[in-house]
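Below you'll find the structures, each written out as structure tokens.
In the two complexes that follow, chain A is the common piece, with chain B as its partner first and chain C second.
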Partner chain A sequence: MGILVAVLSGFLVALAAPWLTRWFGDRVGWVIALLPLSITIYLLTFIPDLADGGSVRYSIEWIPALNINLSFHVDGLGLVFALLISGIGTLIMLYGGGYLQGHHQLGRFYLYILMFMASMLGVVLADNIITFFVFFELTSLTSYLLIGFDHNASKSRYSARQALLVTGIGGQFLLVGLILLAIAGGGWEFSVLVDQADVIQDHALYVPIMFLILGGAFTKSAQVPFHFWLPGAMAAPTPVSAYLHSATMVKAGVYLMARINPTIGGTDLWQFVLVTFGAATMLLGAYLAVQRTDLKQLLAYTTVSSLGTLTLLIGIGTDVALKAAMVFLVVHSLYKGALFMVAGTIDHETGTRDIRVLGGLRKLMPITSIGAAVAALSMAGIPPLFGFIGKELVYEAVLDLDTFAIIIAVVAVVSNILMVVVAGITGIQPFIGEEKETPKHAHEAPASLYIGPLVLGTLSLVVGAIPALIDTSIMEPAVSAVAGQPVEVTLYIWHGVNAMLIMSIITVAVGVVVFMGRQQLRSVTNQTNLLAALGPEAIYAHLLAGLDWLSRTQTKIIQNGYLRFYFLTIIVVLVVSAIYPLMAYGNIQLAGDLSDVRIYEWVVVAIVLMSAIMAVRAQSRLAAVAALGIVGYGVATIYILYGAPDLAMTQILVETLTVILFVLVLYRLPQFATLSERGSRIRDAIIAGTGGLLMTLLVLVVSNERFYDSISQFHAEESYPSAFGRNVVNVILVDFRAIDTFGEIIVLAVAGIGVYALLRLRLWEDRSEEK
Partner chain B sequence: MKSLILQTATRSLVAVMLLFSIFLLLRGHDEPGGGFIGGLVGAAAFALYAIAFDVQSARRMLGIRPQMMIAIGLAMAGGAGIISLLASEPYFAHLWYHTDIPGFGEIHLGTFLLFDIGVFLVVIGVTLLVILTLSEE
Partner chain C sequence: METLMAILIGGLFASGIYLMLRRSIVKLAIGLVLLSQSANLTIFTVAGLTRGNPPLVPEGESMPLVPYADPLPQALVLTAIVIGFGVLAFTLVLVKRVYQTVGTDDMDEMRSTDGFKD
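Let's turn to the complex of A and B:
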């Protein structure tokens, strides 16, 4: 029960966020941070249980008929992620209040980000795969809202849509993959599927399952070639970048790979794909990072690189590699969250994020600079920070590879050298050297802005120096969950002199040298920017432009704005699609028995027919409308004669209101300027005649044939006993088929609002012309 | 083109039509009528008023923006289903309250009525939204 509350409380508080913001004003961040803080504390209580190898499940029925249950499972892997989400979430809620202080949409920010936090907790704690998928997609949606938070800027809107499309399309692959996985494994819970690993891996569908699921994971976690949406997502406010696009959401794909690893991982194909894409992403991300001059872009590309590292490690799949993956995951979240917050603070205080104009801030912002320096040192992998342990483990895992160990090791070292450079550029360079002229004169940031980096920096330092604090209690259950079997985890800061230490020393030494020559590096690497025209982002832009063109073209053809053309299209399509099945399967009996038809019924029919002919031949609109009205009332009369009073009343009322509408519109319109040409009249007559004939035949067929027993019997019999109503029509509308009716009134409402919008749009144009 | 005869007749007609629309709404479960038909009659009453007088007076008499009526109607109709959910019944499996009023007969109340009132409001709202906006143009 507690888990359910922990996950869903975020949604409830999110709904209250706008009011909370109104009540607490500038201090709202401190209030809202209490929620993630209490979730963090609650999650910490699971540690003793999990350290003993246990796990906690909680499930309630949601849609049992479809095997969809709201089931949650807290194991080591889920707990590490959940702690990062709620822990960093606490700091971000604080930070957001300071960063967006006085922003007129602060309430909306908290609404979105709390919904995001809750969705993310759902992702990492869900056990049912469909529940997992729902939360997974919710993170994409909330991310879309957050990236587009500054919705007046077209850059934000473009980036938000790009992120949504890339992760959303990946999500569709993922859904199919998960369903196939459930079919292959015969279960809908991760905790059940993990025992079916052998069955699934031998299943004929294994390869498609793997690629479909990886499609979801790679797009979400920005692996090459889908990496381009992540730097674009930097259009979001910095608290969002720090939270979603470094510490949490982009790791949802990594989480998925880790979660599914014991079930479908470990095969040669899996290893090959993950190692290849992971290594490529790792290198490309780091390479693209050093070209940038915007702090957030630098951090975004290194995040891409780190996500590649995590994919690579999960792909390698040995105990050491999985250990490295989990440690590096925590390392990265701690330092990257801090550096993003620092970048935002610098932007907030100086008015720029361009590293070329930043410098000497340590005197102006001493506390921020300490947080930044610690985070940068962890990123660079300097002992005794946690980043050092992480990097050592990464090297150990890479050297462990059977094939291509050398290539991957070189990739890892080069990427890490570039990481050292970026760590220097983002965490050290703005604070050292001469003070420079910035758009705003910098001051030390308020507490809400520096608490985050300080806390994360302290954590990096403490768990780096004393890894025993978390190795057996938190990391061991996590690594065991990813491996699918118990793995012992003990972390040391000092391994003795070995290959990894030498690689580390080389990394840092070369990194420092390259950092000194960073300007030359930037200008050299900028030469390759021309290649971007062939890159995936360019392909995405072309695809999008193509889609726009396609919609424009087909709209121009199909919806050309002439009502008569719409009718023509509708009737022609109907005739063409119905005529074959009607001829092939219909049992048409034209010779009906007409002896029952009373004389007054003939009269009504005759009136309807004559009015219809009059409507067609009328020379003025008013006459045509009046004639059509008679047709409608005539039909209503037939309904009454055949015992359908509800239908008749509706018909009469609709006819009346239609005439009112026509009258309102009509006297504004000019006289018929020209009546249509003889040729088009003949064409219309043929099409209308065919349509009418077809409907007549259909009615005859339908009244002759019954493919199924009529349901009217059931409705008539059950109407009073189960729905306590004697008017069957109404009982069907409000009870038996209430969801249909609900859908219909929604359509009605949408149509009404559409009409309103069109009319108001016209009014607005008229007014602007008057001016 | 304001006709005194139409205006005078409208004053009394509107009251009767509105009463009739509510009558239709409430009897709908047992006799011909219901939210949709009732809504159309109600909308016709306001439309008549708008034609006899002017749109502003009709809006004043309505007292609420048609958009708001649509929103409230949709919320009521959807909410009727959610009440069932809270009672652990499937969505839109209506809940019932039966009572016997002496001299009047058996009365069945239920969430269906909430649903039908929602339909009623949406129909009035949409119809008036279109008619009133059109006549203002």
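Let's turn to the complex of A and C:
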């Protein structure tokens, strides 16, 4: 029960957020932060249970007929993610209040971001795969709203749509993949499917399942070639970037891969795909990062790189690699969240995020600079910070590979060197050196802005120095959950002198040297920007433009504005699609049976038909209306002949009113004129004639069949005994089907109101005439 | 007699469609009336026709005497007639307003009200 409350409370508080913002004003951040804080504390109570190898499940029925239940499962993996989400969420709620202080849409910000937090908790705690998918998509939606938060800027809208399209299309692949997975594994809960790994991996659908699920994971976690939406997402306010696009949402794809790893992972194909894409993303992200000069863009591309690292590690799949993945996940969230918040603080205080004009801020912003430095050192992997342990494990995992160990190791070292450079550029450079002129004169930020980086920095330092705090209690259950079997996790800061340490030393040493020459690096790497014209983002833009063109073109063709072409289309489609079944299955007695027709019936039908033709051919409006009246009265006569006096009465009344109405209105309309060409008249006549022929055939076929006689019989038999009416038709209308009649009255009333409104309506032309 | 009615229905349907394909908006309205007559007769006919014998329960009986005309399509058609009239009334007033506002009854000249030009 507690889990359900923890997940869903976010949605409830989100709805109240606009009012909370109105009541508490600038202090609202401190109030709203209480929610994620209490969720964090609640989640911490699970640690002892999970450390003993247990897990907690909670389930209530949602749509049991479709095997969809609101079921949640807290295991090591879910808990690590949930703690990051609620813990960093607490700091972000505080930070957001300070960052957007006085913003007129602060309430909306909290509404979105709380909904996001709740969705994200749902993603990492859900056990049912459909429930998981619903939350997964909710994070895409809330991310869309948050990226487009500044909705007056077209850049924001473009980026928001781009993120939504990329992750949303990936989500569709994921849904299909999950459903196939459930079919292959015979279960709808992750905790059930994990025991069916053998069955699923031998299943004929294994390969499509894997690729479809990875389609969802790769788009969400910005793997090459879908990485381009993530830097675009930086159009969001910085608290959002810090939370969604570094620490949490983009990791939903990584979470998915980790969650599904014991079920579908471990095959050669899985390893090949994840290692290839992970390594490519890791390298490309880091390479693109060093070209940037905008703090947030730098951080965004390194996030892409880190997500690649995580994919690579899950792909390698050994115990060491999974251990590295979980540790690096925490490491990255701690330092990247902090650095994003610092970037936002710098932007907030100086008015710029361009690293070329930033410098010497340590004197002006001493507290922020401490948070930034600690985070940057962790990112660079300097002991005793947690980042060091993370990087050592990554190297160990890479060296463990059977094939291509050297290539991947080189990729890892190069990427990490570039990470050191970016750490220096984003966390150190703005604070050292000469003080520079910035658009705003900087001073120390308010507490709400520096608490976040400080807390995260302290955590990096503490768990880095004393990893025993979390290794067996939190990391071990998490790694075991990803591995699908118990894995022992003990973390040390000092391993002795080994290959990993040497690689680390090389990384940092080269990183520092490159950092010194960062301007040259930037100008050299900028030369390759021309290639972007061939990149996935350009393809995306072309596809979108093509879609626009297609939509415009087909609208011009289909919605051409000529009513009669719509009609033509409808009739032609109807005729063409009805002819075949009619010929194939219909029992048409084309000869027709006219022997039983009496002479007066011939007369009535002939009169009606002739009047209809007269209405068609009439040159004067009045003649057409008169012919219409004759048709109506003729039809009324037919009703009388075949035992429907009620219909006849209604028809006569309505026909009379119709003729009167026509005459009243026609009086104000112009004479008939022959508007169409002779050719189009002949075409229309052929089409109308074909339509009429089809109707005749249909009636001939259908009146040979009788359906559900019992309904009519019921009404006839029950009319008097049950409803005390002798006129069966009336009883049906006012008793058996009274609700339908009520609906009919409403239609008439609406039509009446419409008529009245149209008659009273005064358009601007009329008014201007009056003046 | 269903055969005869089938011919009538086809004739009314064809006349209605032909008129609705005209450019004049008044002819459209007339075509609409013919089309609804055709539709009503279709419902009425496909349930099977019975001469005379409306579905009324005579005194002293508990149900109509066999053979009686099927009451169900009659109830449906009755509703259709009334609703058809409502629609027609609205259409006619709309036609009048359109003519007043646009100054033409040629539907080919009424294509750009939503700003969609090619």
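Definition applied: the second predicted complex is superposed on the first by the 599 of 771 C-alpha atoms of A that agree within 3 Å, B and C clash if a C-alpha of one lies under 4 Å from a C-alpha of the other, contacts with A are read in each partner's own complex, and residues count from 1 in each chain.
Note that a residue touches a chain if its C-beta (ideal position, glycine included) is under 8 Å from a C-beta of that chain, and two chains touch if they have at least 3 such contacts.
Being a predicted model, the structure only gives us computed values, none of them experimental.
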* Mind working out whether A:593 is in touch with chain B, chain C, both or neither, as first, second, both or neither? => second
* Is A:723 contacted by the first partner chain B, the second partner chain C, both or neither? -> first
* Asked: Looking at the overlay, does A:760 come into contact with chain B only (first), chain C only (second), both, or neither?
  -> first
* To do: Pick one for A:569: touches chain B only (first), chain C only (second), both, or neither.
  => neither
* Could you tell me if A:650 is touching chain B, chain C, both of them or neither one (first, second, both, neither)? => both
* Asked: In the superposed arrangement, which partner chain does A:702 touch: chain B (first), chain C (second), both, or neither?
  -> second
* In the overlay, answer first, second, both or neither for which of chain B and chain C A:661 touches. => both
* Determine, under the contact definition given at the top, whether A:739 touches first (chain B), second (chain C), both, or neither. => first
* Structure fact -> Across chain A, the partner (chain B or chain C) reaching more residues is C
* Name the residues of chain A shared by its contacts with chain B and its contacts with chain C. => 645-646, 650, 654, 657, 661, 665, 668, 725-727, 729, 733, 741, 748, 751-752, 755, 759, 763
* **Contacting residues of chain A [partner chain B, same complex]** => 645-646, 649-650, 653-654, 656-657, 660-661, 664-665, 668, 723-727, 729-731, 733-735, 738-739, 741-742, 745-746, 748-749, 751-753, 755-756, 759-760, 762-763
* **Touch list for chain B against partner chain A, complex** => 24, 28-37, 40-41, 43-44, 47, 51, 66-67, 70, 73-74, 77-78, 80-81, 91-92, 94, 96, 98, 108, 110, 112, 115-116, 118-119, 122-123, 125-127, 129-131, 133-135, 137
* Structure fact -> Per the touch rule above, chain C residues touching chain A in the complex are 1-15, 17-24, 26-30, 33-34, 37-38, 40-42, 44-58, 61-64, 68-72, 74-75, 77-79, 81-90, 92-97, 99-101, 105-108, 111-112, 116, 118
* Asked: So in the complex, which bits of chain A are touching chain C?
  -> 555-556, 559, 561-564, 567-568, 571, 589, 592-594, 596-597, 601-602, 605, 608-609, 612-613, 615-616, 621, 624-625, 628, 631-632, 635, 638-639, 641-647, 650-651, 654, 657-658, 661-662, 665-666, 668-670, 672-673, 675-676, 684-685, 687-689, 691-700, 702-703, 706, 711-712, 715-717, 719-721, 725-729, 732-733, 737, 740-741, 744, 747-748, 750-752, 754-755, 758-759, 761, 763, 765
